[in-house]
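What follows is a pair of complexes built around chain A, which joins chain B in one and chain C in the other.
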Partner chain A sequence: MKLFFLIAIFTFSLIFVKNLSAQNEIHSPKNVKLFADYLFCEKDYLRAAEEYQKLNGGSMNDTVAYKIALSYYSSYNLEKAKESLKLINKNSIFYDESILESLKIQYLLNEKFNIEYDESLIATLKDEKIHSAFLKLWFTTNLRYPLPGVIDSEENFLDVFEEPLKSMAKELFYLRYYPNYKNPETAGILSAIIPGAGKFYVDEIGDGVMALLTTGIFVFLSYDNFRADHNFRGWLFAGISSLFYAGNIYGSVAAAQIYNARLDYDFGVKLNLFLEDNNFFIPHINFCK
Partner chain B sequence: MGSFNRLVVLAILIFIDSYSFAQSNYESQFELAKNLMSEKKYFDAITEFKRLLFFENDDENIFIAYSLLGDCYKAGAKFDESIYYYTLSEINSKSSGQIYDAQIKIIRSNILRRTTNRALTLLDSLEANLKYSDKISEINYWRGWAFIFSDKWDAAADEFSKVDSAKQLSEFCKLTGDKLYSVPLVKAMSFILPGLGQFYTGNYISGVISLGWNVLWGYTAIKAFAADRIFDGIMVSNFLWFRFYRGNFENAQTFAESSNLLQTNKALNWLQTEFTGLKP
Partner chain C sequence: MKFFLFNILLLLQSFLFAQSDWKRWEAEEISYQRSDPHRSREYSFEFENISDFSVKIFTNSYWFFISEVDGDNCPYSPSCSSFFIASVRETNPAQGLLMFFDRFTRDFNIFNRKSHYPHFINGQYFDPPSLYTLEASKIKYTPPVLLTSDK
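Coming up: the complex of A and B.
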């Protein structure tokens, strides 16, 4: 009995010491991974990436590699994220996701795509959901940075979307390929013929009315003063009306350019909203459930 | 001593040793984080403090670790995060002294973040707490700083004057406040006589030009009205005289505001680089 009690105490002490030592090794690979997972779920992504990168040998696997990429991606270190994704090979369960993430990163980096869009790449994507998400993202991002042969018709573009995405995608397609641009020269000429007409042409009705009124009033004042032999004021108002007239022509040309730039900008905003609202940029795997 | 007793003693020794090993491991982690912080490697210090807190089981260190974590974020001008961790340190405080320290740190971060109203509210609640009746001077001192960061130099001077050790600061704030122009007054001056506000702020050329334009267009408009050329007069008044009249007092306002900005920036620069007392 005495011996049994003795062995029990000794065994308990040894097990306790072993457990405690392992726990104490704050910087052991197991604890580094635990800590990195904690940081990742706390959304402290940059630190999480650094902690994951300390893991090597047996502790490094494709889950960790994918998490490194996601950490860099989420902290907008897109170049590093891109490099990390390259480490995921075709046999990994994260391969499909990694291809999708690469596409997102290239879009966010404003890069022309260098992913070869061909049957062989599509064939490598095994997951049905990711395959569909990839195609949608691929076609949508091609609206911004078109590659030859990707979008060759409206039908070909809209085919990858289902309702209600289809109608939004159609709007984007028309904004991209049939934009309602205004010609700056036309705007200038119209304003030279009738002050303010160029502004009407670029849908700035209020400005057009104001330009017509101010130019008209100063021309009238000039005429009226000359007629009453007030030559100084006549010339003064003639000068002012000439400034308004010339300024209005210049303003109309600029307004047309601004109108066109706004169309491009609105297209970019709508495209980003489309991608964000439909969660195109949210990773499909949630590691922090 | 029998063999049984020897083994029991051995087991106890192993147990104590392992426990103290655990303690020393956390202590060394704490030291590592503090050393990184003292070397101003705040990013790494934050990582190590977070690691410590993730594995920490010693209640004693939690308050200090959260507080230092807040300091690291504050040093990197991450005031939102610093307030978050100071709040956690307050939650984990063990005494009213620690609560007070955490609150003051939160207030100082709020002052720097220029969320002055929040800082003043917290200072008021500290002042109302009878436990801290011996800290009134310190509370007034930080209230003075809150007023500095919200450009209320006279109010800051009043608060510092209540603190014996801050008389110099009070004087400095008063001097700075005296150098500032009253923007509504400058605007009103130019409203009454075009160019007067510009003269008052030392911009003489601009004042003369402003006065000149207003005299010219005023004269032209009045002359037109006097000659019964009403339409003529209205157009000149509306498109020329009023335009220059309005431009005149807006211009005076801009001069006053930019001069005030220059003075306050000078004062803040002095406080940052020359003043050796406690700062937020």
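Coming up: the complex of A and C.
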């Protein structure tokens, strides 16, 4: 009986120790990384980033840091992505990509670029493809947030693009540097000469017609009442017509400003689409083969 | 014994949660009427300065002679009277008046509104005064799309 009891205790303790070590093995750095890789490839980016961040010491390397940045970027956490990219140093094989990713994130965060474009940075970019991609991204993002001396001329800008992209890049360049803005002063003056003309000038045809009609009707009512010796009503309608007249001049100036704001907005949308369609010119690295 | 206890508990439960005579279950009365913004209008003449007073006179007159007669038909949000009050607050009475008359003229235009203004699910067009203050920095352009808001 004693022997049986001892054997039973020994067997149970063996199973217990084995289970304990198995539990520890589940959370080993190797398994955590495997699980994080699985989540990353399943596009469960937020959880993948959390799992990758559990790695530390020897298990944390530049590949993991780059994957954390990609995971945070894909789950729209740009600030954390930016922080993760800072962990990648110049000796890393992902350094070139990290520069491009940093530039992209700064652009998306509407931040003023703090990456200085100079020969020393170019020299750090080893790969020719990355160098070309950097120039494309740098010049395109400078259309939105221009730094002095970056885009000198149309040729200087278009030189970095090859043919399928060149036509769209040219369109964006013209939208940025030669926008079809409407002059608010001109709109106001036109409406002062002919009520509603300023609205026609900014393509608000319906508003222009209505401005002409309302001002015209009240002027006619005023004139008709003065002619019939109804002086009070004559002055009343004259006052109302002058308010419509002045309101229309004011509104034409405002409409020109809104027209210009719309052009800027449309340019921003087109620029974003251009960058997104081309994946911000960043080469895709397939981590999920 | 167990069977007996089980039955007692079952009976007790039905007694405890049974419908009582003094609190009948009834259908709740729900009003399906839309709230009427006309009734919530503040016609009083409380004011702090002469500018507020002139705005109040103008707004009250507009409500009385135009809004009350026309009904709840303003296609814009904020409505013309609210637009006027907000314009005066954002700028000054003279500029606010000009902004109002421009808005009033645009109100007559029934063409192409949907392709021009962003709109809410209730069909009202979003047209805030901040677009018309003539300060370019205040213009936050919104494309003519359906706005997801509780309006």
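We adopt the following convention: the second predicted complex is superposed on the first by the 243 of 289 C-alpha atoms of A that agree within 3 Å, B and C clash if a C-alpha of one lies under 4 Å from a C-alpha of the other, contacts with A are read in each partner's own complex, and residues count from 1 in each chain.
Just so we're on the same page, a residue touches a chain if its C-beta (ideal position, glycine included) is under 8 Å from a C-beta of that chain, and two chains touch if they have at least 3 such contacts.
Nothing here was measured: the structure is a model prediction, and the numbers come from that model.
After overlaying the two complexes on the shared chain, residue contacts for A:Y250 are found with chain C alone; chain B is out of touch. In the superposition on chain A, contact is made by A:T214 with both chain B and chain C. When both complexes are overlaid on chain A, the residue A:L39 reaches chain B alone and has no touch with chain C. Chain A has more of its residues touched by B than by the other of chain B and chain C.
Of the two partner chains placed by the overlay, neither chain B nor chain C lies in contact with A:G188. Shared-chain residue A:G198: touches no atom of chain B or chain C. By the touch criterion defined above, A:G234 lies against neither chain B nor chain C after alignment on the C-alpha atoms of chain A. Overlap of the chain B and chain C contact sets on chain A: residues 214. Remark: chain C residues 95, 97-106, 108-112, 131-134, 136, 139, 141, 143 touch chain A in the complex. On the chain A side of its complex with chain C, the touching residues are 184, 206-207, 209-211, 213-214, 243-244, 246-248, 250-251, 253-254, 257-258, 260-262, 264-265. Here chain A touches chain B in the complex through residues 2, 6, 9-10, 12-14, 16-17, 20-21, 23-26, 31, 34-35, 38-39, 44, 47, 50-51, 214, 217-218, 221, 224-225, 228, 233, 240, going by the rule given at the top.
Residues 4, 7-8, 10-11, 14-15, 17-19, 21-22, 25-26, 29, 46-47, 50-52, 54-55, 220, 224, 229, 231-232, 235, 239 of chain B touch chain A in their complex.
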